[in-house]
Amino acid sequence: MTVSTTSTAPAAALGVLPRADGSAKYSHAGYTVTASVNGPIEAQRRDEHPYEAHVDVIVRPAAGVGGTRERHLESILQSSLSQIILVKNFPRSLIQIVLQVEDSPENDYVNTKLVQASLNFSIMPALFQTAVLALLSAGVPIRATATATAVAIVPQDGTKRSVVDPSPRDVEIAQSVHVLAFTSHDELLLAESEGDFTVKEWDDVYETAKDVCCRPVPTKEGMEMVLDDEHTNGPDLRHFLRSTMENKVASDLHWK
Amino acid sequence: MPREAEPSLNEKQFVLQALHDSVRLDGRELEQYRPLELTFGDQYGVADVTLGKTRVLAKASAELTVPYADRPLDGIFNIATELSPMTSPAFEVNRPTETEVLISRLLEKTVRRSGALDTESLCLVAGQKCWSIRVDVHVLSHDGNLIDAACFAVVAALRHFRKPDTSMEGGVLTVYTPAEREPVPLSWLHSPFCVTWSFFGEEGDVAVLDATWMEEQVRSGSCTISLNKHGEICQIAKLGGVPVEAVSLLQCTNVALVKAKDMSSKLDRWLAEDARRRDKGGLLAELSAENDRVPDM
Amino acid sequence: MTTTERPLVLPGDPISPDLIPSSTSKPLRLGPGLRHVPPSDIVPVVAGQLITNHQKNSMWVEYNSNRYIPAPGDLIIAQILRSGPDLYFTSISPYTPPATLPHLSFESATKKTRPQLAPGALVYARVVLANKHMDPEIECVSQSTGKSDGLGELKGGMVFDVSLQFARRLLMAKSKEEGKVEVLELLGGEGLAFEIAVGRNGKVWVGGEDVKAIVVVGRTLRETDEGGLGVEAQRKLVRRLAKGMK
Amino acid sequence: MPLDTSTYGLALLRVDGRRWNELRRIHGQIRTQAAADGSSYLEMGHTKVMCVVTGPSEPGPRRGGAAGGASGGAGSGGQSKDAEVVVNIVIAGFSSVDRKRRGRGDKRTLEMQFTLSNTLAATLHTHLFPHSQINISLHVLSQDGSLLAALINAATLACVDAGIPMTDYVTACTAGSTSTYAANDEGADPLLDLNHQEEQELPGLTVATLGESDKVVALVCESRVQISRLEGMLAVGVDGCKQVREILDQVIKAQGRKMILEGTVDKGTGLNDMDLD
Amino acid sequence: MPITILSPKPSHPPPSPHDISDSDSDLSSDDGGGGAHLDFASLGLPSHQKSTHPSNNPLFTNLVTPGTLITPDPQWMRGHGTYIPPSTTNITSSLAGITTRTNKLISVSPLRARYTPEVGDLVVGRILEVQAKRWRVDINSIQLASLPLSAINLPGGILRKRTETDELQIRTFFAEGDLVVAEVQQLFQDGGAILHTRSLKYGKLRNGLFVALSGQGGGSGVVRSRRQVWTMEGQNGGGKMDVILGVNGYVWISKHVEQVAKELEQKHMGITNMEENVSAGVYSSQNDFIDSATMREIARLRNVVTALVENGCRVDEDMVIRGYAEACEMAMLGETGAEDIYLGGQRGEELTRTLRN
């Protein structure tokens, strides 16, 4: 089984929405997502929890009205983000995360139906990553940072190939698609799978994803990156996250 | 949902006092817009408009569908405006607020009712097949004057948009995927723009263009005028509020025309720039014969 | 200062032990952005620069945000929402539960002589009580001296929103040296007459007679904050705006 | 069915036989509902509306969302203590030819509610009634053009009947132009008070003014028209509003006279009666 | 730039200004400036009125409508129902009503308006809300009135101290939906009223019937007068009836209960004594037995009141007593005799016509 990736390096900008507490715009693998984070703010009575903050995630497709698929994505994101946010610090309050999809890669071979939007499962990593960046931008206390990726198992010439950050075309022909997220402590935070796969395949996917998400932070010399030719699959998300935050902190603390 | 915070009495008084002295908090002239910027997305039909700290994203999309029974010769054209909590936590999902209804009505009147898009050209087979064009307006950041920004974004997105090409041969309708044939632009008739005046004070004697959110919260009335560069009014909406001399309203309309012409030429320029940028790669070169597939329509 | 002394930390990053002050005489004090995980781990929860003060035996993470979380002792600008039977409900930051301000928490206030504040009035106040399970409480009088110490209603003027960090820099005792913000002195130097009150909740109140002067002060503050201007750029900005006023 | 405007140029008569500057018949009545604080019934041609005003009174439980009607003036609970003007419009299914039912969330109706409530809030002295609500309920029984204008006029009448202090009457009417924008006819004449047929085919606007002044409270134009024609249309509309004000004033005065004659109210003391005491 | 009306090219003479039909309630502006239809008959006015042109009638000179300029003379002071537009001295009417002048004060009393409370008014109200230390009472005004717990007579006499138990038991005195008669004790700055029931005349209402009319403030309805409460004999075998005309337009007609009268007699013996007798019975919500004849007469009295209002008459003691007597007579002339209490439509008109003459 070979591993391949089609995507380019991710790009992100923080604080793009001047009126939100925190915001981020993130583009990767053809997806562009903008997120806003507001909180902790007053929770509605029905969402109020006496001992912890309610995390509200809203996913809005670029075109068309959201449906059950979006609600499903929201509930997955909500439960995994609640794990890293220190919800106990803000009882009875609300942390609201709104994810607006701006662009998703188009499958040039199909004319999609758009009025009833149904977001593709493989958008998950982009949504997740944008949410984490926006939380960092808002300064909402979190336990650890986290990175996420999608891996598809695509049959090819009788063998199977796993693709990191699959394109819509890959997803269409894939046997199974998996989304995994890891915290900065290398803990598995989220694992969602669709399709047929064996335990062995899942193990492979896990290793691939962990490799993308949990690459050790390069030392100051940056030599490791060059020498380590095994790690050429996919972008180094953890490094990306750190350098993005470095820029943000540097510009915030320019006066120091 | 938490209520929208109201400005303090000090702020209200100060803003009014300053406006009476023709001073705006951001140093603008009364009839001056904030910097208007537009970026197109990688795809066709995505327009991201910023007006100061107000930011609106519009995305146009097309779908094949059946025309309405009472209008068999027309395609379908809709503008969807929903303010999400991203705009402000005071907006709730699936609970339309007054602001939302008003914006959506204004866009509807300005763009749809004024016949900016030729809906007849969207019809493919009378009574059976037509295009349904939909524009989704997403307000990402609200710092006043959503209407002007949203209208600009909608017009920009629609003019930038390309729908899949179709052909009719021997009664067989073929819809080509983007891989087969380069998508085609919509049949566009004229470009209307909204210009919103805000009136201040008991007498409504101070009139200001492109109000910020703070100014909107203290204004006593507003009037949105939609025009195209040919000097045709598409819509005027002064929905109550402080009484304004009829003569002043006529002057407002004349100034609005100047602003609309200005927006029109800006949009033309940006569209041309984007077209040049896209053309460079020679998009058609990317397509390879290997990818030809039987169209699914 | 080199970056090694102020390393970038992300939430969950391990902190190398040599950065943790090891004085045995004083207890270790953790500032904002850090979390103590028993038994002995100290973990950042926000992204920022880790700052260690060996003298005071304290450490914290320096970061910027837009959402004010009340802390006791902070000076803030609050807006009266409504009056209850014996206290005012005030707003410190948008969309958060109201903070309470007892009617008697004003200088020499009694049941009969308490100040009458209309909904929408502004007060400069100090946070007395802030904890995560209760709505915060603020006061406009010093508990120890019974004096207002400059707290109380802010009359007239205008409020400008700035980032929390910029408000903190303005409030620093040596704002010019430590906070690298010189605009207020510069504006005063240009001959502008104005009063100012800075709230830790990211609000700056500017009072004065001249509407134009207040607007210039406000624009200077906002542009310095949003543009992240250095001292030299601040000088240029003030010169430009002050010139435009005349 | 396109409106045949070709004959207008010859006879200068409109489809219903009116001249360019003529209003249709206006019939107004007040105090039509005994139980209400104020009520009115108004016909402008074949457009017929009914209005009931309740209040100013203690605001009821807070309504959720936009479904409960648009509110103008100042909201309750905020800093401002002014009365809130809440308008609710019900358009009867049988009021128009197509018998189309409009749901509660219909955006056109919501927009009209908003317009009406903000129009009335501009004249009603809402500051006199702190923490209260003025409920205005309108029912459209029959539609033949100039609907918004008829609603504004009916609401004004009902508010006067309810004894709510106001700066002056707010009256409204429509104005149009004799040829469509496409005709690009520079010599197009303005028209006063459009009926349904004219409203469908010709450019038009609704204008509401305050009292006898030229001050425009509401101006709604929903059709495409050359900017050069706006002045003429607006002028005719503003003049029409003044005529409507005169008519509404007479409706109120007639009721007042009736009450004086019946002895329900005293005749009062005026400035010139000073010698009497 | 003044507004000009652009007239069509082949200029026709504009239609004559609309002849405004002055006194017509059914007012119309016909095509081409139609004529006025004067139809006094529909107003039910005496025919001799026809000759007077309304605008010349001195009766109508003080009738004003919103926006009417009353005087530009700055020597006058503006009162209720008027305003002065900014940067002028013009006292302008903000209501449809009648101007009244008290010395230098010009005000307009509306043809009709909601009740505005004044200190000392006797009102009938309905408890809408029970709060910790007060009730909120609907008195047909702009705002709900409040009745503080401290402003009622507690069982056990006036000297009894109010305790926390009373606060907890607040619903046992008045609960939602109860009707009370009370006096306006004080007004808030914003016009809200505070009531009290610290007198035996006031308190919970039972054994009777409630009628809502429009109150003092304009138009037909209850007017402020010398006596708002009285007891009258029922005809046709009915017992004594109490009538309470709340100044706010709420009316209560009930069976007269002797016990209260006895207590009133005791009043002469000493107020403290008597106050102690105020028992929990005062706050009972149970009706006493009412015989059917009294019930019928109560209903007849109610119909008299509504007929008066329907036909634009004022409602005061004199009118009600005379109206009741007249109604009894009218009933006796009919076929069913005393059982006929119907006073709607024509019969009501007939009744009021007799009373007016």
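Which chain is which? They are A, B, C, D and E, in the order written, and residues in each are numbered from 1.
Here is the rule we use: a residue touches a chain if its C-beta (ideal position, glycine included) is under 8 Å from a C-beta of that chain, and two chains touch if they have at least 3 such contacts.
All values derive from a computational prediction rather than experimental measurement.
Undergrad: Using the touch definition from the top, how many steps at minimum link subunit A to subunit C?
TA: 1
Undergrad: Quick check: which two chains are joined by the most contacting C-beta pairs?
TA: D-E
Undergrad: From the centre of subunit D, which other chain's Cα mean sits the farthest off?
TA: A
Undergrad: Going by C-alpha centroids, which chain is farthest from subunit E? Tell me that one.
TA: Ranked by distance of C-alpha centres from subunit E, the top chain is A.
Undergrad: Quick one: subunit C and subunit D, Cα centre-to-centre, how many Å?
TA: Distance between chain centres, rounded to whole Å: 52 Å.
Undergrad: How many angstrom lie between the centres of subunit B and subunit E, each centre taken as the mean Cα position?
TA: The computed centroid separation for subunit B versus subunit E comes out at 55 Å.
Undergrad: Just give me the whole-number Å value for how far the CA centre of subunit B lies from that of subunit C.
TA: About 39 Å, centre to centre.
Undergrad: Counting in whole Å, what is the centre-to-centre distance of subunit A and subunit E, each centre being its mean C-alpha position?
TA: 69
Undergrad: Send over the residues of subunit D in touch with two or more other chains.
TA: Residues 78-79, 214, 231, 234-235, 238 of subunit D each touch two or more of the other chains.
Undergrad: Name the residues of subunit A that each touch 2 or more other chains.
TA: Counting only residues that touch two or more other chains, subunit A contributes 18, 20, 38, 41-42.
Undergrad: Two or more other chains in contact with one residue: find those residues in subunit B.
TA: 2, 6, 9, 89, 246-247, 250
Undergrad: Please name which positions on subunit D make contact with subunit E in the complex.
TA: 12, 17-29, 31, 34, 37-38, 55-58, 81, 125, 129-132, 160-169, 187, 189-190, 211-212, 214, 231-232, 234-236, 238-239, 243, 246-247, 249-274
Undergrad: Along subunit D, where are the residues that touch subunit B in the complex?
TA: 64-66, 70, 72, 77-79, 105, 107-108, 110-111, 114-122, 181, 205, 207, 209-210, 213-228, 230-231, 234-235, 238
Undergrad: Sort out for me which residues of subunit B touch subunit A in the complex.
TA: Residues 1-2, 41-43, 46, 48, 53, 55, 57, 59-65, 80, 84-86, 88-89, 93, 132, 134, 136, 138, 140-143, 164, 175, 177-179, 291, 293, 295-297.
Undergrad: Can you tell me which positions in subunit A touch subunit B when the two form their complex?
TA: 17-20, 32, 34, 36, 38, 41-42, 44, 56, 58, 60, 62-65, 96, 98, 100, 102-103, 106, 108-111, 113-115
Undergrad: Would you tell me which residues of subunit E are touching subunit D in their complex?
TA: 3-10, 12, 14-15, 18, 20-32, 34, 43, 45, 49, 54, 57, 59-63, 65-67, 70-71, 76, 81, 83, 85, 92, 94-101, 106, 109-114, 138, 142-144, 190-191, 217-220, 310, 312-314, 356
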